[in-house]
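Got some structures for you, see below.
Each of the two complexes below includes subunit A, the first together with subunit B, the second together with subunit C.
Now for the complex of A and B:
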């Protein structure tokens, strides 16, 4: 029995609203440059949450990246000096700042279905013109990165992969070669998604029901408290 | 497209969401690539405006109805302001309303009015930079603590107060280029294929 199966059994159900608060909280506090201990605490908390939603392998990846960047900071930085250092520092540290945001975004995007989004937005009493575009958008962001990967593969296959060189020498051509397939597939998938959701009654006038249990539990309140607390802490210091 | 009604239907909202996702993903990937070098970060509004032009043109011609531009500006505003720059949301919404009315003046079918509308909308790409006006000392200080004095000095050197006007200007120019390129791409690839 692998780790994946064990984590499947202790799956934690968080309310989408909590995930939003968490994303905004982590985002704001990270961009306000938190102290080291808060950074680590945020990382550990998000790792636990991701593991609890069955994302053990991505957590391992994130942990490896984080420890590599921290050790760069500790080992390499004191031993070099000069003009390149600031650039080097900014790359390593910028990526470290973005990492928790990335994890919170992953928690929100990959573990929430469209209907869960819609239900929780409805509980927030938002108008339908806001609910649908936003729910579709959050659902669509992972789809675009998948599409992008296949488009890039197809381009490489034909020998027109994008690189720094192609961006600098033929910017307009590169723009055309990447944008046109992206736009084309977005348009097609959007039409298909619209057909699928309409045939499942997205525009019905009756109140929607949901099979999942979308409610705020104790753990939700604790996580919201953590997010708000880290933002306030960041604002005060 | 088969109906002449200007009311947003559920299908339009879904398409709007999909294109908003594409817009946001491209926006953030460009910013995260360019953000590492101070001077490149400052011309990010220009590059973004040029690249995002084709997405915008495709989006408005796919859903030519009142309200969609506003939805896009709300999405962009909410995401750019998540770093605590509340000014960015207000700015994006104001720009979005202006762009919406320009597109409306063209009756949601004029190519030139769409290009004008995007030129205005492109100003959303410099929304995060309002931080440089409202919270510059704190920003520079935190840069110094985190990225080292060199980076902070570079940021400080390139960002006097009037930089915001230059940023708006380059966003507008980028928007014009992006809009024209976008409408050309649309004509070349999508009108013929019948996607729009």
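Now for the complex of A and C:
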């Protein structure tokens, strides 16, 4: 289906809506246990899309993981028997199914700016009341991970660091020590962020514009077709 | 241009009848640069919120009197409309960006107004040109230093082309070089006829820029100064008003910190190497620091100061060896002996009362008497309060007390005086010196010359991931430090 041709156009820009459809399509088809060739095709397609948006290193990682999973399936599984086999099988296969979903999510989250998000939500004719909370949430994901790093450090200085052991033996306490500072710091940030964005006219009545070129190109339609196709195929088989 | 007439304001959650601002009258003419100054909590931030409309449109409360901008009353206009005339830059670079990429951020205000794409592109171009931001376009916000973020914030406001700029403590998180860059931007804005209102603790960088200084006390305008009349006050008078120095050259504090004489020996660090995603961020062949010192760690944002501190206390991944008295101390052991007071203290308060917080995970035996420690650190009166209900200064105090009570020996402070007025800065000083009496080493990451002269005993200058200088703060060291600060361009 001319994958190479698609990726050439991708370098221009994918519409966020396409990425949503792709995530949804890949997600559904993966959960419907696709045949091996479709799995590989999906993987290659997503890899090319990620490479085209400058995520070559992540793709290498994903490729290594996938090959490891497949070799497990091919080499190890036939050579052992008993309970171990089913355990191995399920772990390897599960991870393989989730991998493309992960990649599609990465494509969506890492290559879309908040403003593109807002504009594509608007094009989907979602009401402002839905758009603003969603875009704030999208903006918040990286912030939470930044905050979380500091809190984890702070916990280690107090000797209450998070480990498998602490989660198993003292789950409630561990949860408390994590959530209290996380909620406090994110609540402050959320408040300041809301004030800052309102003081810059986020809730203006006028129709927003966007510096990014948000339009559906040929490549967008092809990718959507692929997504829908793979879901339908999965549903039929 | 801006007119406040008999304005009083009380935040919704403030006590009954306690007004945060009382009967403020203020006029700002077109093209003027006015600085709001005063102690923490004097109401200067609240005044900025009146002008940019966040009061009453975002922060709710009781408002009396009226605020006019360009002859229209702020209360009658929606925020989105006000934002076209009044641009705001905030204190915390971490929480004022709505986008995660720089170009998108500069465009954000224009996009909200629905300007055409070509027009926005032109404005971004112009802002990048004026503020020399070309290398910063198209980058992730999270990879920028505080100074770079503040410049992007200014540019994004500029792109909307407002007549008035309102800045709330914009220099709080900036190093000296970034402060100078910020000043250059403000000069350009003023020269192009913009009206600037700025609330600030650090005044020295505004001295050749500001036309008037409004000194607020307890929510009232106490005195108004012109540049000249403020300059006439003695450094002592400025300090007693709770203000930071007007001129870095005048800092002449001989008090300094005191070395902890109870410990002896030298920390020796060898072949310290730290890489982050393939890039070398820290590379120190050899460094010796006498034990017991309170060391100011200085250098540009991004020079490797925090990384050094993180390696020292064993929490950051690194290669290299640490010795005290020729005895190697491994990372795990260092982490056990270390405590870092973070810039955002909220990250390190975990429990429901100050008492629990301080005793958290400390075994009872041999850690000294809790009440004595409370007394020494001055937190007896708040021992049963909820840590998160305390003021910023009190939180910092609780965090430091936890370190002292747990018997931590390596104390690290990450910019403990950012955004503090003179009094709070002095209190932080006393506290750090008190804690240092039991410590084997205190490292203070800071950009605050006034504070270093008051509190520290040595200086470690890190630049480009390596040690540029280490020296003790004797008379000669003080001169040298001052020289270095003044020569930063």
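Going forward, the second predicted complex is superposed on the first by the 212 of 237 C-alpha atoms of A that agree within 3 Å, B and C clash if a C-alpha of one lies under 4 Å from a C-alpha of the other, contacts with A are read in each partner's own complex, and residues count from 1 in each chain.
In this section, a contact is a pair of C-beta atoms (placed from the backbone, for glycine too) under 8 Å apart; a residue touches a chain by one contact, two chains touch by 3 or more.
Every value quoted in this text rests on a predicted model; they were computed, and no experiment measured them.
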{"item": "Contacts of A:98 with subunit B and subunit C, given as first, second, both or neither", "value": "first"}
{"item": "Touched partner set for A:40, first subunit B, second subunit C, both or neither", "value": "neither"}
{"item": "First (subunit B), second (subunit C), both or neither touched by A:199", "value": "second"}
{"item": "Which of subunit B and subunit C A:180 touches, first, second, both or neither", "value": "both"}
{"item": "Partner chain(s) touched by A:172 [first = subunit B, second = subunit C, both, neither]", "value": "first"}
{"item": "Contacts of A:162 with subunit B and subunit C, given as first, second, both or neither", "value": "neither"}
{"item": "Which superposed partner A:69 touches (first subunit B, second subunit C, both, neither)", "value": "neither"}
{"item": "Partner chain in contact with A:32 - subunit B first, subunit C second, else both or neither", "value": "first"}
{"item": "Which superposed partner A:208 touches (first subunit B, second subunit C, both, neither)", "value": "second"}
{"item": "Where subunit A meets both subunit C and subunit B, residue numbers", "value": "139, 143, 176, 180, 184, 188-189, 193-194, 197-198, 202-203"}
{"item": "Subunit B to subunit A touching residues, read off their complex", "value": "8-11, 13-22, 24-26, 32, 35-37, 50-51, 54-55, 58, 62, 67, 71, 74-75, 82-84, 142, 145-151, 154, 181, 185, 189-190, 193, 195"}
{"item": "Partner subunit B, residues of subunit A touching it in the complex", "value": "23-24, 27-28, 31-33, 83, 85-87, 89-91, 93-94, 98, 128-130, 132-141, 143-145, 148, 172, 175-176, 179-180, 182-184, 186-191, 193-194, 197-198, 202-203, 231"}
{"item": "Residues of subunit C that touch subunit A when the two form their complex", "value": "52-54, 57-59, 78-84, 86-88, 90, 92, 94-101, 103-104, 107-117, 120-121, 124, 142, 156-157, 160, 313, 315, 335-336, 338-340, 342, 344, 346-351, 360-361, 388, 402, 406"}
{"item": "Touch list for subunit A against partner subunit C, complex", "value": "113-115, 139, 142-143, 146-147, 150-151, 153-160, 176-177, 180-181, 184-185, 188-189, 192-213"}
